[in-house]
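Scrolling down, you'll hit the structures one after another.
Two complexes, one shared chain (chain A), two partners (chain B, chain C).
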Partner chain A sequence: MESVIFDLEKATVREVNQFLHGAPETLEGRQVTVVSPNGAHNLAVGVDAPVQVLIDGHAGYYAGGMNKHATIIVEGSAGTGVAENMMSGKVHVKGFASNGAGASAHGGLLVIDGDAGLRCGISLKGGDIVVGGSVGSFSAFMAQAGRMVICGDAGDALGDSLYEAVLYVRGSVKSLGADARYEEMTDADVSTVRDLLKAAGLNHDPMSFRRIASARTLYHWNADANQEY
Partner chain B sequence: MLEPQGIHFDTDNDTEAACRFLEWRLREGDELPVALQKGFEELDGFYTFLMGTSTELALIRDPFACKPAVVAETDDYVAIASEFRSLAHLPDIKHAKVFEPAPEEMYVWKA
Partner chain C sequence: MEAKPVHFARLQQEESAGYDRSTIDYIHTAAQRGLYEIRGLGAKRKVPHFDDLLFLGASLSRYPLEGYREKCATRTVLGTRFAKKPIVLDIPITIAGMSFGALSANVKEALGQAATAMGTSTTTGDGGMTQEERRSSKTLVYQCLPSRYGWNPDDVRRADAIEIVIGQGAKPGGGGMLLGQKVNPRVAAMRTLPAGIDQRSASRHPDWTGPDDLLIKIQELREITDWEKPIYVKVGATRTFNDVKLAVHAGADVVVIDGMQGGTAATQTCFIENVGIPTLAAVRQAVDALEDLNMKGQVQLIVSGGIRTGADIAKALAMGADAVAIGQGMLMALGCNSDTYFQNGGLHSAAVDYAALGTSAGFCHHCHTGKCPVGVTTQDTLLEQRVQPEEGSRRVRNYLKTLNMELTTIARACGKQNVHHLEPEDLVALTVEAAAMARVPLAGTSWIPGLT
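Take a look at the complex of A and B:
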């Protein structure tokens, strides 16, 4: 099927998004390219069709937010909240991503080839995130479900108040957050990391990752803790 | 801590407090990085600061990095804005090194 090109020097973000919100059967399998995105916000948000979107440059805030079914590729960097609340599909950022990447994603796969800023995967609800570089502080804060693979380093308070999301880190971790702990890598963990790296197109030894999960000590109120955690 | 030293404020704005603090440290003879380090230690809040002296330009963000910042660097210029949109039409931006400054790190450019 023919490719559709939007040039944001002429077209508006609304025109792009309205096209992408067309009937799923008319979009299925199509390639939509956005040239000169110039850091525009809200590009390709709320897509609900198996369409391929190429953002040929830097994206602004919330690129690919709420994505369902689509494959969205950002050739440059992405601003705050890329793929936030994604439901399914894939968002691939080839540069770096700013704060709150993949925040509260319910499903799908977010791949960031470069570094991610602070609070990556905050409140993750079932999506998968693979970061080729490092993540900033407070990443995976209160992450409830899903998996996060960090090929580089992590900042402070990684996995603070984690629920059932599981993190895999290859590099150094500046500090773990409250209730996050290192656990043994099982065979299932190794195969999970291998599969996610493969899906992200990254080549690392899955055995070189460490598993971080919740110690579950915050699941129940502890009156004796005197609010000290 | 500044008013008792006779430092006058024109506004109630917290940004002025940071400016006056750093201005005071520079006036007391601190090098810019030393003044900025003291800023990291004393200032409690969310900020991204861009500061210029006659010879240097400095960029810092607080440890939480809530306030946005993005940098584009080429051989000819360094451009700083809160988001890429503002830098998108600069000359040769396609070949610029674009990055997001890390929290609690000093970026200092000399003239």
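Take a look at the complex of A and C:
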């Protein structure tokens, strides 16, 4: 596989992204490595090709933002909004992720080996997120579609105002948000969790997860839901 | 002898100012339903507005241009600060962001066609970009909203400019609603929601909080678009001076200020009428902010919220706006609040349909119901046929043309060869309030409240 290396001690983020916005047929199957990222923001954003990107260190905000098709690996930790609005492909954070990880992702898979901050999976629209550690408060807020697997614990108000996204949690949940509820794990759920854990390279018993989904009491605006909206 | 109370005949029918019939109706309804009202369009209360300003046409001390023949340029360029491809418009009158969902696909197509014919831009809304509007619009501004409904990188790349919406004049600080009757399968699919649910839009963006984050978000969008497309930042008018400064610091190419008269598809009435400041007050603050940063001319200002006429536009430009955006006026050009609608080659009365909503033409604000009697704000398969793209486009085109003719007529009368040369010195105010807000002298005096 042909490899291209960008050293951010010398090259700019602009040059990295410009290269990654090249014709998909020229990028397909190539390996692009970004060394000395030093927490730079907006690395590998808007990629639209099946290219492999390795960020060899910590990334700043929005690493892999709006990704389509690419596989992006962050060897260190990632800042706010990693893989935000991802459409397809995969983003894998080997360290921790800050706030809003996977926000409004429509597709693809986001894997975070460590913990994720506040609002992980907020406004999720079809993507899958697997967090090896714990997630902060207000995670999956208004999540509309897609799945989240949380291997550790969850903070306050998990799944607040949830729509059709489904959450699976292995550890403790400090509190559920409005309209989120625990539901029975079906065989299909167990299978889903098993597949997502496998895709993320994590080894847990799928039966040890609990399912959280929307009670759908806020789908229609009415006076009975006083102060819940 | 027993004293009888005295009744004065006229006073028996005197309405209370504080508890007038509207207020009593509000309390009765609230007491019955336990739910606040949601409605469409904008503030109905009277607030200081461009109506309260007048132009000082040329006379002996100023030399006018011949009203119909002499050149008066209207070309408008937006996004000159960072974007490689700024937006170049023939006229400074743009079409404001309105969602597919709130409006039908026919309406979006009509707006796009008219904007293209007149050399101006139109704007998407909450709910994403439709093929119809992209196809019909030469210049299309793509909104990035807190909900991120339908937001995707392909449309980012297809857009001509990106508008990050922080807030809306009708509801600064609040998210909107799209009630279930308008969430048909196509709208639902674009928003990744179940059809028929009452959809609530978030009030905050999911992946950034505050101006420091916004700076990085803007840079992300610039990176994704290879620094080609202008980035607009739209704010609802509240603390406008500070908001504009922060938007400029965050890297906006263009700032859009939407005053409290701005419309909405569906928002709480208490919000529409009580949150935000009038457009007139906001323009002054926005221009002050740009001047304070020495960014006037580098960052362009678009003003919206209750702009209806060419005179309104001329006044906004004279106060320092580079362009305006119009939403409700465009809907009215398409037939909103008209007695009739045009279908199958003829006009038909919409009176029965207005009556079914408990209203009539001239008073209707029932965009939220999806039962628009003239087919503008609906997803109903029958009602939406009441606006056809061709006829709708013709009307919007004529409206835009009229606005531009009025604008240039006034500019010429003020001696300007370019509408962008209109200036505050051309204006006076009719009321003390307008003089203070716009910071122009009260007519016939040199008094600017708070300044002179």
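Keep in mind that, in the parts below, the second predicted complex is superposed on the first by the 223 of 229 C-alpha atoms of A that agree within 3 Å, B and C clash if a C-alpha of one lies under 4 Å from a C-alpha of the other, contacts with A are read in each partner's own complex, and residues count from 1 in each chain.
Throughout what follows, a residue touches a chain if its C-beta (ideal position, glycine included) is under 8 Å from a C-beta of that chain, and two chains touch if they have at least 3 such contacts.
As the structure is a prediction and not an experimental result, all values here were calculated from the model.
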item	value
Chain B versus chain C as contact partner of A:62, first or second or both or neither	second
First (chain B), second (chain C), both or neither touched by A:10	neither
Touching partner for A:80 - first (chain B), second (chain C), both, neither	both
Which partner, chain B or chain C, touches more chain A residues	C
Partner chain(s) touched by A:136 [first = chain B, second = chain C, both, neither]	first
First (chain B), second (chain C), both or neither touched by A:38	first
Touched partner set for A:106, first chain B, second chain C, both or neither	second
Set of chain A residues, in rising order, touched by both chain B and chain C	41, 60-61, 80, 99
List of chain A residues in touch with chain B within their complex	36, 38-41, 58, 60-61, 76-77, 79-80, 95-96, 98-99, 117-118, 136-138, 156
Residue ranges of chain A touching chain C (in the complex, touch as defined)	13-14, 17-18, 21, 41-42, 45-46, 48, 60-62, 65-66, 68, 80-81, 84-85, 87, 99-100, 103-104, 106, 119, 122-123, 125-126, 141-142, 144-145, 161, 163-164, 219-223, 226, 229
Residues on chain B engaged by chain A in the complex (per definition of touch)	63-66, 68, 70, 83-89, 98-100, 102-103
Complex contact set, residues of chain C against chain A	33-35, 38, 147-148, 151-154, 156-157, 177, 179-180, 191-194, 197-198, 200, 202, 206-208, 213, 216-217, 219-220, 223-227
